[in-house]
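Have a look at these structures, which come just after this line.
You will see two complexes here that share chain A, one where it goes with chain B and one where it goes with chain C.
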Partner chain A sequence: MKYTLSGRWLRGEQSARLLLLLLPVLIISAAFFLLPLARLLVISFEGDQWGANYWQALTEARYLSSLIDTLLLSVSVTLVTLAISVVCGLFLARNEFAGKSLLVSLLTFPLAFPGVVIGFLVIMLGGRQGLSAELGLMLDGTRWTFAYSIAGLFVGYVYFSIPRVLLTVIAAAEKLDYQLEEAARSFGASRYRIFRDVILTGLKPALLASGAICFATSMGAFGTAFALATDINVLPMTIYTEFTLGANIAMAAALSILLGLITWLVLFLARMLSGADASPAA
Partner chain B sequence: MKLDQQGVSIRLENCSKTFADGNRALQPLDLEIRAGETLVLLGPSGCGKTTTLRMIAGLEFPDAGGRILFGDEDVTRLPIEKRQVGMVFQSYALFPNMSVAQNVAYGLKVQKCAKAEIRQRVDEMLQMMELSHLAERKIDQLSGGQRQRVALARAIITNPRVLLLDEPLTALDAILRDRLRADIDRLLRSLGITAIYVTHDQEEAMALGDRIVVMDHGRVAQIGTPKQIYFQPQSDFVADFIGQINAFEGEVRNQWMTLPGGRLHCPHLADGEARVYCRPEDIELVDMDSVDAHLQGVVEQTQFVGDRNRLWLAGIMPRQVLVESSGRVEFAPGQRVGIRVRSEKMIALEPREPIRSESVREVSPC
Partner chain C sequence: MKRTPSYYLQLGFTLLICAFMLVPVLMSVTAGVTENYFKGISSGLTLRWVQEVLSIYSDTLWLTLKLALATLAVNLLVGVPAAYVLARSKSRWARLFEEILVLPVAIPGLAIALALIIAYGGVQDLRTSWLFILIGHVIYTLPFMVRAVVAVLHSIDFRQLEEGASSLGAGFLRRFFDVIVPNCRGGIVSGALMTLTLSVGEFNLTWMLHTPLTKTLPVGLADAYASMRLEISSAYTLIFLVMLLPLLLATQWNGHRRKAQARPAVQTPAPVAKGVTS
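Now for the complex of A and B:
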């Protein structure tokens, strides 16, 4: 009898061969992921008292505020990016015009930049010598700067998050069944109602998936924050500082684990929600 | 169940449709649909039937000069939201995130009916459509036929002024299609609603329509009852498109048309070039030695379809002649048979219809 991969049983020699094929990926993930992670976990519990680092991370103002700021920043970046991308994506999916493909490729341009370059771009715009500073000097004699505050981070993060979400939204919007909207219209549904009941529900799986990715990227983004050297300490920056300047490796490990856990949890929830949406329990 | 609001009559006046790319999908069209009538728009793809339906729905608007009236109300410029129409789409367009009951309730919810009333009317509708046991199911857990019934229920629960059905059975398999066709027919009769039904399937059109509008290349080819369309087609196109038909063409002299396989008695035709049509089931097979065997041919191909045999005969006309006989009689390819066509079963086209030149060429081999 033959069994496929989806079957429940594999014959002895087959499973041996399969194991052999899986070996490279097992070695790589063990060497570069599982082992360091285990080590990280062990380090994070080092110290006078068991779990003291975590307790400190969640109670001491310095760490807690870094954690909360990063969370708030990532959530707001995700929401704003989703809103912009839905509007943009729907427009791009439904309208044909000259230069459309050029526009789409421009909008997806940030994908090509590392975070540091995005940080530079934000400084060019909102830094002390930036465009908005020049404009401020001209208008009311003060330099308008926002690059080094949380606003600068926000702008940079939204900028590099848009392409990831936008491409997914365009693809999903092109697959929306136009007749659903016509059916809703036949009952006299308003445009808002159609947007809520038909379009947004149709885009929901795509929004959940790309929103989760956007959130995870924002939580872990380092280059932009580093380039901007902001007065806000996002969590990756705090980890970096603890590790290199404070040499507080145990604390850095605990914060890393926390960052990983939160991000993983959000990705997991998003997958569960979109999975539940796509195939309801029979 | 009768709807609270009886269907309206609909009138299209001089409605043409040119799309943005300059393509004229519909030539100026005048159409009158009686209140409570089921009108079928029938034709091959690209004939303008769907465009006509979408104009009545308010999803497309006619070119300048066209008018659409629901009863006495001019709805030409009203969008679909304000026309109170019910629509059933080819893909059903059911809301995938909602249950069966929520789908059926949607129209009432949008129209802000009271909660209790919605529940009662949805219950009644589900019961009438035999969907009660599926009320809580999601759409992707339904079969094609069930989805079809949900789509119908959703469209009629709001008491629309007209029900518009766009090829609603095309996505289903043949057996289901037959059964649902009967269901839809019964439903439309019992509701007494004005219904416009688009299809490319002539059997479906015959079974459902009070009247059929046969369309071709953006024009109306013929409007009539199914029987008129079938037995008195007014053009080559209609005769060919509806069912199967044989054409006999030749020179008529003294009531007899001369054909390659013999002669055909045409007492109703004057002398000269002429053409008559005849349905396969109206041609009689007769013994070769009978005096009635005016036309003789050779069986070229046979097909047994249960209740009847279909025989393709060569030698009578340049093109094969299709004849049907009882399924119990055996015929073999190569066998010679005689046929007779009674003049009262012949379909003669209106004289204004010119004979197509390419058909004439087939007759005279020079």
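Now for the complex of A and C:
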């Protein structure tokens, strides 16, 4: 009796109180996210002609090449990171040995490093006084440097993508059904076929989800390029220069909207395709 | 399992990748405490560079701490109740709002910062205040807090717990603080750690939102990398790592603890910051 009473009472109190609890977040979201985003969108259409900024972004060589370079860089970073993570992740999920948890910790602790720090670490590896320069001096008397070219960005982006992707792959690999592999083996499937048809298929949702996050992160990464001060204009750098040096706010806004649309769309598609939750917060 | 050549090949590859992750960090740490990096470690160890960084950049340390704690406070105050509402409501509006709420994670920080500057850059008092950066950090980290708590709430039958408490005469506040909050403590801790970690290392937004008087640690780092000698940059990075270390350890510990006590029904996301960071 009392139970049903309280149940009805619970339903009765709902709406008003729940709305009140949600109100602060509603206000913060509306005032500091939706409204600014709407302003950004409006400004991106300012100019001589409606949509001229977008037309310019997709036709003028310096914007288009920046967009294409960033896309190619992000795709290759994603593929290489996935390949590395599948090898390491499967190995770590399937074998037990002393020091394994330490190894996993060491592989994943740079997860929280911001892009600027990773830029500096790339300079440590491939800068003018870096490891590879020392190595080059020893071997053929010249300083080998790669930090300030597109290779430096590539290395940096792979560096910060590995921890994220690896954690997801390990978690997914631990859940794989080993009996499926046994069954495939007993039917005479080759190791390659088992890897392709059983293991990779099983990992597919995780690979799609983490690959999408890796791609989106690489597209929007700004700190690493900033720290390396390269002459490669990845899209975020182009936006930054348009905004600060060019004072071309409308163009910067249009490029930002394009960039945001690309990253959002990739994450959205991955979420649809993998069935799993590919949103970065999950 | 038999140790085949393939096993050693994979182990070797994994160790190689581990070296790739570790070596630059170790190089940076040593450079930060070496008298002269070009002469190498034989020139002697010193804390001179660390002291120098502290004298030049100590205000960035304090601001970073202040920002992280303020971001956490806001996220706890508004994020946890919001998560409760979102987990409880089945309406389409709640789902739509949840989507909007997590949207900042899918959009590069640079774009969000640009939008904030366009909308509020003209308000001088706000533009020059550290609160402007706080707004950016809250927008960016709030989704992580809300999602972590919502995930826990979805995994427990909190409605039944609540009805039980209610039938015993507990009012709403009593139920919220004595039933809901303790039951999703794991999610709150994950969300809190993620908030702190993300805020301390945030650069994309912060670089756009900062002013010369409101520099955070990552902003100061970018500054040092561009203009200071290698030893100072390294010492500064070392200080940043030392600040990050307790958070990383706590995150790992929290992950293990929750894995160990994971009741079958309770599945919460690993407390890792998988956002569009950097």
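Following the convention adopted for this analysis, the second predicted complex is superposed on the first by the 257 of 282 C-alpha atoms of A that agree within 3 Å, B and C clash if a C-alpha of one lies under 4 Å from a C-alpha of the other, contacts with A are read in each partner's own complex, and residues count from 1 in each chain.
We take it that a residue touches a chain if its C-beta (ideal position, glycine included) is under 8 Å from a C-beta of that chain, and two chains touch if they have at least 3 such contacts.
Keep in mind the model is a prediction, meaning the values are calculated, not measured.
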Chain C versus chain B on the shared chain A, clash or fit after superposition: fit
Partner chain(s) touched by A:217 [first = chain B, second = chain C, both, neither]: second
First, second, both or neither for A:198, with chain B first and chain C second: first
Chain B versus chain C as contact partner of A:263, first or second or both or neither: second
Touching partner for A:103 - first (chain B), second (chain C), both, neither: second
Between chain B and chain C, more extensive residue contact with chain A: C
Degrees between the directions from chain A toward chain B and toward chain C, using C-alpha centres, nearest 10: 90
First (chain B), second (chain C), both or neither touched by A:50: neither
Least C-alpha distance (whole Å) that remains between chain C and chain B when both complexes are overlaid: 8
Chain A positions touched by chain B in one structure and by chain C in the second: 279-280, 282
Chain A partner contacts - residues on chain C that touch it in the complex: 1, 7, 10-11, 13-15, 17-18, 20-25, 27-28, 31, 37-38, 77-79, 81-82, 84-86, 88-89, 97, 100-112, 114-116, 118-120, 135, 138-139, 142-144, 146-147, 151, 162-163, 166-167, 172, 197-198, 200-204, 207-208, 218, 221-222, 225-226, 230, 233, 237, 240, 244, 247-248, 252, 269-270, 272-278
Of all residues in chain A, those that touch chain B in their complex: 177, 179-180, 182-190, 193, 197-198, 201-202, 204, 277, 279-280, 282
Contact footprint of chain A on chain B as seen in their complex: 57, 59, 79-82, 84-87, 89-91, 93-97, 106-107, 110-111, 138, 140-141, 154-155, 158, 160
Residues on chain A engaged by chain C in the complex (per definition of touch): 2-3, 6-7, 9-10, 13, 17-19, 21-22, 24-26, 28-29, 32-37, 39-40, 43, 84, 87-88, 90-92, 95, 97, 103, 105-125, 129, 131, 159-160, 162-164, 167-168, 171, 210, 213, 216-217, 219-224, 226-227, 229, 236, 239-240, 243, 249, 252-253, 256-257, 259-260, 263-264, 267-268, 279-282
